[in-house]
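In the two complexes that follow, subunit A is the common piece, with subunit B as its partner first and subunit C second.
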Partner chain A sequence: MPERTLRAAPRSWAKSLLLTLPILLWSLLMFSRAMMQPGRAPKLAAAVTLLFMVALFFQMVRTFQTYRWRRYFFVAVGFLFPIGFIWDLIALRGSMSIPVERMLSGDTPFCFMVIPMMIVPAALFGTIVFPGSILATASNPHAIAAMVALWMCATLLLGKAWCSYGCFFGGIEEGFAAVAKKPRIKKLDPRLRWMPWAVLAAVVLLSAALLEPVYCTWLCPFKTVTEYMQVRSFETAFQAAIFVVLFLGLVVVLPLLTKKRTQCSFLCPFGAFQSLFNKTSAFDVRIDRARCRPCVLCEKACPTLSIGAESLESGQPRLSCMKCGACVDACVRGAAVWHIRGTEVGPSAERARLMHLYSAWGFAVLFGGSIIANTLEKLFGLLV
Partner chain B sequence: MKRWRAILGNTGAVATLAVLLAAPFFLYGWFQNGVAALHLRIDPQYSGGEVARVIQRDGYQVVVRKPVPRRSPLQRVDPFVQMTWTPAARLPAQVSDEIDLDGDGRPDLLVSFDTAHLKLDVTPRTPGYRPVHTAGVVSFSELIARVNDGIVVRVPLR
Partner chain C sequence: MPAGGLATEALLLGISSGPVCLASCSPVLLPVLAAERKSVSGTGALLAQFLGGRLAGYLGFACLAWLLGLSLNLEPRARILVYGLCDAGLAALLSAYAFGLRAAPEKSCEHGCPASRARRFSDRYHTFAPVSLGFVSGLTLCPPFVAAGVRAAETSSLPLALLFFAFFFVGTSVWFLPSVSLAVVQRFAAVAVVARFTLFLLAAWYGYAAVIILGRYFLHA
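So, the complex of A and B:
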């Protein structure tokens, strides 16, 4: 395998195509059902998504760059998911807000963010503190068992890389972070990286004490672009205001100014929770200390403050590393590398990257790809 | 030792690919069935709790659920009992029902409501329940709402 640095020549077309073939076959398998649906919109949406996913993978293979191409996919999911979700909500009940009546009938779509908050009450009382349905119903296809099962599959496959390949919210701030060429705010206090852990501890304990999903009720910025409780009182109006302020601050403005994923770095309790599963993945990113001349390009490139001085010394990013590959792409010496746990750092870095990409991109096609295709189908339905 | 760690790591990497291949065809379904098999329930503050009894009336029925107590001192939802009049389409314009919640043969509540405007009056006949004179949703423990094909009433407990 050729050694990967920014200066490495691209892989040959033939070899890149050959290495892309498994993902092409997997994508054909995953989109075959959509392609056989009646009507032109589903076929067109599936074909466009398939081409998009396969082309990005091909570029990742050919250019040896991961982050750059993954970002197109991730931002597409981040911006298309809310469009499709709101579309469905409007079709189903004519509004983005959920009234109490719908909550009582278990019609609230379940979101993976609730998972850490539901564990303690489930263990203590055998109940799930969320107004959804355990199994899918006609009025609520986003059931709890389905979403938890999906999360379990993703965690086995990706560990914390969920935040780079699975999360349907992270792409929004990654999109805003990509807008500016240079960050306006360059120095961020590294202690801020503990914030998601504090938020995780607080919401888990408070959810167990109050028996409600506290983060969803009070803090989730993405309620602004998905669903929120119908404003019927000062309390619900205040909650809605918090959602909007957090969204504008952490998902739009700060990523624009810092070029970081600030919501993920400073608030997201699910990201912190998912960090606990980082070690379950066979793949990680390492810094080859023999090659590293601490230029801190990797530290600057990391969107989640997961690399600091101690990472360069130990050769390991922090537990919050979401394996996006930004540091690997940024490192001109090829010191930041993909790695299979237990193996030597460096010699088989490209093999490790490809193996990680096959599993991560396979999941991306399966989950993110279906989100893209579903929304495109709705949009194409307006045109064809 | 180093060699064994490398073998283990590479095995893990290959196993990850196997997990991907199994995910949409087997794993997802197994995990989903596994979650369902845990017999977890939606918290009663949302679902209304377990059904205690069903009272038959002329043309409709009243589904009475078990009282939902306070399970945590910090819980914001007060204890309540939920009843559902169903089907809503067969209810008279003005409903007035004496409800025996605990099945002891004596009515515990007199529940009256207007099905069009969802104006609710609850008069307790036995201690343990709070009177209610309201319309629509006040809180999770005090409300009248049209849910699916029924009318749900929640009465706060003392």
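So, the complex of A and C:
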């Protein structure tokens, strides 16, 4: 396999097609059911999604670049997920807000963000602090058990790459971060990178004390574009105000100004929890110290402050690395490389990248691909 | 009931409802233990101070209730007031404690420069912080505490009620002992930074809760 540098010539078409074949077959398998559904909208949505996912993978293979092509997919998921979600809510109950009675009857769709908050109450009291249903029901097909199982499989394989390929919220801020050419705010206090851990500690402790998912109730910026408690009191109005302020601040304004994923870097407790699974994943990014001349291009490119001076010294990014590939693509010397644990750093970096991509993109087709296809189906339904 | 039987009952009640007490006090206790980055014995000493404060809170509340001739099964309105005041106390104490924490201890001024009043206050407070936080946590009316209070109120005398609370406290405290294991994270400097941020977030939470609860109490007076 050729060693990748920024200026490496693209891979040949034939070889790129051959390497894309497994993803093409997997995508066909994933979308075959939608293609056999009656009506033109599901078929068209499945075909467009399939082409989109396969074309992006082909480009990743051909150009040796990961971040740029992955970002197209991730931003598409980030912006299409809320559209599809709100669409379903409007169809189901005519509003984005959920009345407390519906919430108490377990009609709340489950979100993976709750997983860290469930652990301590489940261990101490055997209680799941979420008002959704454990198994799928007619009114709520988003079962807790299914989401936890899916998350667990993806997490053990990918570690924190979940935040680059699976999280349907991160794409929104990545989209806003991509708008400006240069960051307006360049210096961020590196201590702030510990904030998600503090939020994680606070929400886990308070969730166990209050037996409620504290992050969902009080801090989730994405309630603004998904579902929130119906405003009936000062308390619920205050909660809604917090959601909007956090969304505008951390998901829209700061990413525009810093070109970083600021919500992921400074707030998201799930991301902090997910970082722990970077230790179980087979794939990671390393910095070949023999090749590195500290130009800090990788540090500037990293969207989550996961590279600092100590990373360049130790040869590996911080635990918060979400394996988006930005640093690898930015490094002109090929010093930032993909790596499989237990192997030597450097010689088989491209092989490691492809191995990582097969698993990550396979999951992306299954999870993000279905989100894209579902929303496109609704939108195409308006047209055809 | 003889004192021995009452003590056994209180101990068993404490052991069986201990996880709820632990969950209720953890938001205050665990960040404090993590922020200090002490050895096992140092963390154990901090835990002992916290539990001592908590015991004082328990017994103080029992005495006060007896002196005022109240049952610990408080009226809902009075209970709301206690909740609100405890949350306000915790918010103030936690933020003072978090402000007082420093990433690295400052060297004392060689020329005898006077430290700022705020710094002197925070240094002095820092010594008593675990005890005071334990005391206010002990006053918080968590469900097991109310259950114990109701039972203690049924006893015939104040000494028996205090005995009941003391053994109840011992039973619940068993669940707190594993938190000494937080000493293993002392070698990670980042833990202290995270714990300090956590203390600020929790202070904000308790502050907000106090405003909401006390606001509700006074608005519906």
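Structure notes:
Throughout what follows, the second predicted complex is superposed on the first by the 384 of 384 C-alpha atoms of A that agree within 3 Å, B and C clash if a C-alpha of one lies under 4 Å from a C-alpha of the other, contacts with A are read in each partner's own complex, and residues count from 1 in each chain.
Please note the rule applied: a residue touches a chain if its C-beta (ideal position, glycine included) is under 8 Å from a C-beta of that chain, and two chains touch if they have at least 3 such contacts.
Just so it is clear, the model here is predicted, and its values are computed rather than measured.
Look at A:Ala282: by the touch rule set out above, it reaches subunit B but stays clear of subunit C.
Contacts of A:Gln316 after superposition on the shared chain: neither subunit B nor subunit C is touched.
By the touch criterion stated above, A:Trp197 is placed in contact with subunit C alone, subunit B being left untouched. Judged by the touch definition given at the top, the superposed model places A:Ala209 against both subunit B and subunit C. Subunit A has more of its residues touched by B than by the other of subunit B and subunit C.
Using the contact criterion defined above for the overlaid structures, shared-chain residue A:Thr236 touches neither subunit B nor subunit C, since it reaches no partner.
Once chain A of one complex is fitted onto chain A of the other, the partner contacts of A:Phe125 extend to both subunit B and subunit C.
Taken together, the two structures place residues 121, 125, 208-209 of subunit A in contact with subunit B in one case and with subunit C in the other. Those residues of subunit A that touch subunit B in the shared complex are 30, 99-101, 103-106, 121-122, 125-135, 144-146, 148-150, 152-153, 156-157, 208-212, 232, 281-283, 340-344, 352, 355-356, 358-359, 362-363, 366. Subunit A makes touch with subunit C in their complex at residues 120-121, 124-125, 191, 194-195, 197-199, 201-202, 205-206, 208-209, 234-235. Interface of subunit B with subunit A (complex): residues 5-10, 12-17, 19-21, 23-24, 27-32, 34-36, 38-48, 71-77, 137, 140, 143, 145-148, 152. On the side of subunit C, the complex with subunit A involves touching residues 19-20, 22-24, 26-27, 30-31, 190, 193-198, 200-202, 205, 212.
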